[in-house]
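Okay, got some structures for you below.
Each of the next two complexes has subunit A plus one more chain, namely subunit B in the first and subunit C in the second.
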Partner chain A sequence: MVDLKSQTPCAGRVPLRVGPLSLTEDTPEHMTAIAPYIGQDQALSDALKSAHGMAAPGTGRMTGKSGARALWFGQRMILLIGPEPEAGLAEFAALSDQSDGWAVLRLEGAGARDVLARLTPLDLRPAQFRRGHTARSDCAHMAASITRLGDEAYQIMVFRSMAATLVHEVKIAMGRVVAQK
Partner chain B sequence: MRIEGKGLIERGTPVSFTFDGARYQGYEGDTLASALLANGVRMVGRSFKYHRPRGVMTAGSEEPNALVTIGLGAAQEPNLRATTVEVREGLWARSQNRWPTLGYDLLALNDLAAPFLGAGFYYKTFMWPRRFWERVYEPIIRRAAGLGALSGAPDEDRYERAFAHCDLLVIGAGPTGLMAALGAAKAGADVILADEDTTPGGRLLAETIEVDGVAGAIWAKEMVAELAAMPNVRVMTRTAITGAYDQGTYAALETRPYAMARRPGATVGTFWRLVARRTVLAAGALERPIAFANNDRPGVMMAGAVRAYVNRWGVAPGGSVVVFGNNDSAHRTAADLLEAGVHVAALVDSRHYATCDLDLPFYPGAEVCGTQGRRALESVTIRSARGEVRIRADCLAVSGGWNPSMHLACHMTARPVWNADLLAFLPPDGAVPGMVAAGAAAGEFSTRACLAAGLRAGQEVARDLGFKTGDLAVPMAEDAPYDIFPLWQVPGRGRAWLDFQNDVTVKDVEQAALENFRSVEHMKRYTTQGMAPDQGKNSNVAALAVLADATGRGIPETGTTTFRPPYVPVPIAAMGAGASGKGFAPERHTTSHAETEQRGAPMIEAGLWYRPSYFSRPGETHWRQSCDREVNMVRHAVGVCDVSTLGKIDIQGPDAGAFLDFVYTSMMSTLAVGRVRYGLMLREDGHVMDDGTSARLAENHYLITTTTAAAGQVMRHLEFVHQALRPDLDVRLASVTETWAQFAVAGPKSRALLNGLLDAPVDDARFPYMACGTVHIGGISARLFRISFSGEHAYEIAVPARYGAALFTELVSRAEAMEGGAYGMEALNVLRIEKGFITHAEIHGRTTAFDIGMQRMISAKKDCIGKAAAARPGLVDEAREQLVALKPVGAVKEILAGAHLFNAGDPATRDHDQGYVTSACYSPTLGHVIGLGFLKAGRARMGERVRMVDHLRGSDTLCEVIEPVQFDPDGGRLRG
Partner chain C sequence: MRLTCPVCGERDRREFTYSGAAVALERPGAEAMPEAWDDYLHNRDNPAGVTRDLWYHEQGCAAWIVVTRNTITHEVLGATLASEAARAGGGR
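Our next item is the complex of A and B:
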């Protein structure tokens, strides 16, 4: 029997440290796109709550906590990050496995916001983009999902195939922010 | 020369720099201009057209004369204004537009020919012979009249781009801007305060004015410190706002101090895109010159600039100064010079009613009508009612009044409004949505008025945005009225300059009027006044006043030309920051990328994806050898190819089938679970958009594939159809392209290869042609599709992408053990051409299902997007160009994609065109070259001979028209 070795999207490229800034990879076991069927939004939210402990997030928001999060992921779509979705959710929504489709990076440290300001046009002012806020936007020419996880901590997701470019771009921006302090 | 005890420079930190090869000393805090003036260097450049000696004229970014080149080699930066270049240790600067040297410039001969070089000279003179313009005249003129030059080598200096957002953007950090920022920030608004200078404070740094009882510069410093300490304020110095754009967006160029820019990883500057809900334009005002004979000699400066050099940099621009003006700015300059101990030879005020209690020779109602000197100013001629007197002076300070800096207010096409009291244009209300002008930029010229206007504007904006404002006092400061008497030009013999940067004189503007270029826009273009980097900062108002006079109109009727972005020159490298080389677009790598590179396969780009072209083996010296081997490998053994780049979209929901019926030409709702069907998607106009497969994984779950190039387009199309056309259908779409690594395993030994790998083997009964289902590899769940793009017995196997790299390596090594191996895009293309399969070379956007012979795939049993349009008579006309294959039958054996087809007896001209070739290759299977293409009424012309002519590459081949499917036309090998 063959034994296929698995590889993470950013294998060999992270972790990175530049001054107080770090870039690390998150490798959640499961990521699932959940798209509620017509009229099932509330039922889905209830099912999500009883199955995984978090309600469905509103537009631009994230629910849940570290280890099991639900991320607004676009028009009428939620990304469940962490647990394997309970099979019963399929009654209310289309489930699409995305576990291997996205590179998930965590940018953290003093100046993280300045790094992102070089990569994305999002309004990242702390009062506008609070902890638990999320957006789909452009990040260095890539379609990304950007989420604020903490004071100076952000999650950046891009397609797996673009992981190398993202790490490259973030690394350059990290160097600039630190050098220009 | 320096004035002891004056200035804000760091006298404890001397720095040495080089200008035109000579070493000089300055201090930290100096600009190149102030340091040169301190060293007595008065001539710093030659003028654009006449190569006249020129000196420093202003103290800011409006400088028209003192343009220099900094640095050497690739990083050399031309056309920098010496008034904004910070002096630093080792700075290396040189003057421009002179040859061989600044002091001895051969092209100064142009000045002697000046009577012939007036406005329109080139247009009138270099008319004949016509072709000489481009080849002979223009290069010579460009060499003679010009500015600095780039090195021609790629610029190594790096810029970056960045974004910032705020409630209020304050443009300019003078008294107005500081108070505006304070007013809004205290109320709680997010404020960005941007100033192009190295130090905030604006005119407060250049004057002896006190604010709230302390020196203006100190007050400004304390205010900036207070603002910078607030968490909702961002003070950006060295940041010029260069343009105003839609929806509160502003461009800004931030330049970095040299030492910081030299740190590893740092950039020389940032090109910002600022987005503000509101903007206060507090850009101040620019002093304007007066036109009189020879007003361009080195030593003639703006009166406000002279004060700046004295007060901010502790520099006396001359040993004996004449001051000339039509407003109180001249008096203030004279007073500051006296106070600094500089000799003032005369104060000339054109206002006959003016009075003066300074201890100096005072000439009310008089004018400066000329200057003398060889390379710099030596004396000044003053004309009054009592006649003309000549006074020795090495500096002449001039003030013709102040022009509010409203440039940014005009970037969205608003026209400035003339104010007859101030003799100035003012920014119109609402010129840029969300922007208000305040302080000197709005024509309020006293310090106190600016402080008050700034505070008012800042607080009003804050209240407008829903913040609560408290009581803030307007600081005490001078509140002198602005008194000005019109004076644009002083009559006299000799040329009087209006636009110093473009060498435009009063005579040029009058000549333009005389030749009927009476519109201000026509005058601008005829004379070049106010063009290019200068954007009319110094010259606009005076030039149009002269034009108004020459055409017998008033200034408001004459109007002014508009201002365009950028406010100050912006290097193209800054605007395009990051967008060079690989920064231009992201790269998409498959999971097999590393292994493919290790095998030395050259990559080709397909959209953003990188895919292998061919896998060269030892002994193969030409790509065709590798390609032919790979084709034979697939035809006779087994080949492996990464096809993960094809788009994969999950279609789920009770109405998934109905949705697919609507977007595909064929009926997908009747597809059985576990089966795959080929499908065509049409655009609404009836032409083919894309092709691919639909696999029914479960009752309410389809997985469709798209071509690599059209994956994004198809996803967008499906989202549009779902959201806009059929929101009634309960269906959900999700791209899963990246989740799965998918490999084609093709060839007669494909099943043997797979069965060695799968936990449970497959056979024809369980997995016939066009079947799909779940299989397992080492316990890992995988998807298997029996589909073929080669015409062979073939599969595509998909695993979660984390296992992609491992599976590819496993598949290829197993294939190699079976006399097969990996194949690339070249072989993939040959295989599909042999089989007559289409790609976007054929469905290129102008072809229909009818054209490619698939009109019967448009199901008659249902409607679909594009069906009605595809049925239009013109789109099903038998005379249309139809898909055929071609093979050479004459002496020439070459078929080239892009070549055109002609009837054998016809000349190869456009009017005889019969079609074109879309794809071509050498087929090792068939043993000859084949091509696919479109030929008029092609399906009815099998066996006919046509000429293929490639006019670009010079090829002419006699071809036979053959059926598109040349390999295994009955499909036995697919099912076998």
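Our next item is the complex of A and C:
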């Protein structure tokens, strides 16, 4: 038996630092797409709460805390990030394992919003896109999930196959924002 | 150009993919006459004025939506989920 070594999507490309900005990778143990069956939204939310401690997020919102989060992930879709999903959830929703499918990056530091604004058409004004808000949008022409984690901290997710491109694009934008200061 | 996705709110046009006239939601019944299928599959109006089109929020929530807009003024008049429009019988 060959002992294969697993690699994270952004291995060898991050962490990056440009001035006050940093780009790091988050590597959650599990990521699971949860698509609630019609009419089962409340039952799913209750099950999620008792199994993992957070209710289902509303549209464009995130629930839970670092280590176990539920992210709104599109129309009638939730992404459970961190814990292995309790089997009972399958009664109320279709579950599909996405653990190795997405690159999860964290962009943080003064000017992080300006960096992101160069890459996505989302309205990122702090009063519009608040902490805990999330959106599916375009990031450097890639289908992305963008979440505001803190004052100047954002999570950016793209398909794993696009990880290198995303890091490349964010790195360039970080350099340009810092050069302008 | 910005479109208001019923799920996500107002978003940039580049997040959406255009499909065509919302007539695609009005599929004839199996027993319909060939003329009805001809209209459904091939014949499209090219209205100067209000038109209803299907758009896909591809770089967004992945919803199909029906957008009503005016081809003369470029005004976007509204948008509904295609699933709801279809359930309401084509949504007209």
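Assume the second predicted complex is superposed on the first by the 181 of 181 C-alpha atoms of A that agree within 3 Å, B and C clash if a C-alpha of one lies under 4 Å from a C-alpha of the other, contacts with A are read in each partner's own complex, and residues count from 1 in each chain.
Here is the rule we go by: a contact is a pair of C-beta atoms (placed from the backbone, for glycine too) under 8 Å apart; a residue touches a chain by one contact, two chains touch by 3 or more.
Quick caveat: nothing in here was measured; it's all calculated off a predicted structure.
Of the two partner chains, subunit B is the only one touched by A:162; subunit C is not. In the superposition on chain A, contact is made by A:38 with subunit B only, not with subunit C. Judged by the touch definition given at the top, the superposed model places A:100 against subunit B, while subunit C stays out of reach. The partner of subunit A that touches more of its residues, comparing subunit B with subunit C, is B. Contact with subunit C, but none with subunit B, is seen for A:135 once the two complexes are overlaid on the shared chain. Judged by the touch definition given at the top, the superposed model places A:71 against neither subunit B nor subunit C. Once the two complexes are overlaid on the shared chain, A:48 sits clear of subunit B and of subunit C alike. In the superposed model, A:121 makes contact with both subunit B and subunit C. Applying the stated touch rule to the two superposed structures, the overlap between the subunit B and subunit C interfaces on subunit A comprises residues 75, 77, 121-123.
Interface residues of subunit A, counted against subunit C in their complex, comprise 59-60, 74-75, 77, 121-123, 135-138, 143-144. Looking at the complex, you find that subunit C touches subunit A at residues 7-12, 14-15, 57-63.
The touching residues of subunit A, when paired with subunit B in their complex, are 1-9, 18, 33, 35, 37-38, 75-77, 93-102, 114, 117-118, 120-125, 127-128, 140-142, 159-166, 169, 172-173, 175-176, 178-180. By the touch criterion stated above, subunit B contacts subunit A in their complex at residues 160-166, 190, 256, 260, 263-267, 273, 275, 578, 582-583, 585-591, 608-609, 650, 652-654, 719, 723, 730, 732-741, 757, 759, 777-780, 799-807, 810.
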